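Here the chain labels run A, B and C in written order, and each chain numbers its own residues starting at 1.
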């Protein structure tokens, strides 16, 4: 298969599967949160309520496409598709096994961070163009939080890059497959870097405990306040997709990606991704949210210096022990 | 025409159109900041097509991401309305820029016709050129002094921003 | 090399197609009935008195400037990190010296209360 065909076929497959999982996870989250709160969740539509998704999608499609008065109608319409677009394009560089990957880029990790960083714009547009103070406040908070946590995210994602001496995802995974997963060895930097990366991913995706941009008790629904129907659906889907892709990236660069005994690589990668994805739900329904000032203090005073230090420690480790020690 | 050429014209055109959109749109500051994002990202794509992968990623990350967010927040901080810039003055500035733009365009066209640098087709780049390995090694051996100076510049930026912002609060 | 980016392009195109298809079906099926008040911005039952697009706090600006500074710093880190082994001890010291002014900047910011939200 030529690289062109390879990229085409796997790009198609990966994007389709990820979107499907993201949509399915909405049902899963409803079920899961219900169980956490001693409820049943959706039960009526289909076995265990799994067809609830189809019902919701059909309902959303039949809603009116509302655009509020004095809203900037062009920007208002453009924002939701762009959130999905930017979020999904990160998926192109994630390898799911030796073969199942759309684009194995030389600057893979950097590409992921660069394109992932653009997601703040459609979110901000959605809030600003709504002409609603809740939406705009939510958007301002979302962008401030998103850019603040981008820094520790970038620096903690650099620890695997230093340890593997490569920015290519498949190189990072092969080094882990030959030696140990970075989350296990080297003992300190790998694990702490993973924790920082995970925290920052939660913050970027606006998940609890970092969901102050859509704190429903004060901001109604944050940036999505004025959206109805499928545009709301797209914004919702982008959020779940973002969480899923962040889990996949963490699984690849810290948990050895496709590396694992007994089963084929693809199974391991999917298992690790879904396990991290599940952890995010678990955290969501277990914790409460941070205040804005706590959020910023955590980022600038703790995560940033710590991740800087980790990069230095990882460099020293590579210097004295070599790659893959 | 190869796919590369088509993509080049697509992104190049997008960059020019959104740049014009940014400059000519005086009604809506936020929309013009957002068209700057489109310009920056399309420029990143053009770098990519030129096989400057590292520069492309940096372009999208720093110019497309960081700097435009800063512009957005400055716009939200100032929230200038149109009364503060009377339209008559704007027209003068605009026409000055148009004249300057036309002059630069003419210069480029003349250069394209005469300069042998533009007339001959460029040489093929060697393998791995513009990748992070070359850039990294050059930056931290030959140009290491400049890198350290950049760090001082960043320090100045932090201190300056803090002093300006604090003065506004107090 | 450039062929590697096909996957990215495919996913971009697919993202556009998925989003447009979902919105297209929505526009086809969704009703369009206008009446007064329906398109008013949501204000918990009140009418909107002033436009929400007002001046925002300088704190957001501070976060943005710190973001630019540290993003540029991270940009310097990345090519260094990926080739660190070839640079060796000299490279480590170069980066260490690079980090010192930034660390001073962060500490100064912290002491002056620039990091308080």
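In this text, contacts are C-beta pairs under 8 Å (C-beta built on N, C-alpha and C of every residue); 3 or more make two chains touch, one makes a residue touch a chain.
Small disclaimer: the values here were computed from a predicted structure and weren't measured.
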Which chain wins if you rank chains by how close their C-alpha centre is to the centre of all protein C-alpha atoms?
C
Highest contact-pair count belongs to which two chains?
A-C
How far is the middle of chain A from the middle of chain B, if each middle is the mean of its Cα atoms, in Å?
28
Between chain C and chain A, distance of the C-alpha-averaged centres to the nearest whole Å
13
Could you put a whole-Å number on the gap between the CA centroids of chain B and chain C?
17
Return the residues of chain B touching two or more other chains; collapse runs of consecutive numbers into ranges.
53-54, 58, 61, 65-66, 69, 72-73, 76, 132
Got the chain C residues that touch at least 2 other chains?
1, 5, 53, 56, 60, 63-64, 66-67, 71, 78, 82-83, 95, 99, 106, 109
At least two partner chains per residue is the criterion; list those residues in chain A.
105-106, 110-111, 128, 140, 143, 147, 150, 167
Mind listing the chain C positions that touch chain A in their complex?
1, 3-12, 14-16, 18-20, 22-23, 25-27, 29-33, 38-44, 48, 51-53, 56, 59-60, 63-64, 66-67, 70-71, 74, 77-78, 81-85, 88-89, 92, 95-96, 99, 103, 106, 109-110, 115-117
As the complex stands, chain A meets chain B at residues 72, 75, 105-107, 110-111, 113-115, 117-118, 120-121, 124-125, 128, 140, 143, 147, 150, 167
Quick one: which bits of chain B touch chain C in the complex? Just the residue numbers, please.
4, 48-49, 51, 53-54, 58, 61-62, 65-67, 69-70, 72-74, 76-79, 132-133, 135-137, 139-141, 144, 147-148, 150-152, 154-155, 157-159, 161-162, 165-166, 168-169
For a test of understanding, state which residues of chain B touch chain A in their complex under the given definition.
28, 30-31, 34, 37, 41, 44, 53-54, 57-58, 60-61, 64-66, 68-69, 72-73, 76, 131-132
Applying the document's contact rule, which stretches of chain A touch chain C when the two form their complex?
2-4, 6-8, 10-12, 14-16, 19, 60-71, 80-81, 84-85, 88-89, 91-93, 101-106, 110-111, 128, 130-137, 140, 143-144, 147-148, 150-151, 154-155, 158, 161-162, 165-167, 220, 225-226, 229-231, 233-234, 292-293, 295-297, 300-301, 304-305, 308, 311-312, 315-316, 318-319, 322-323
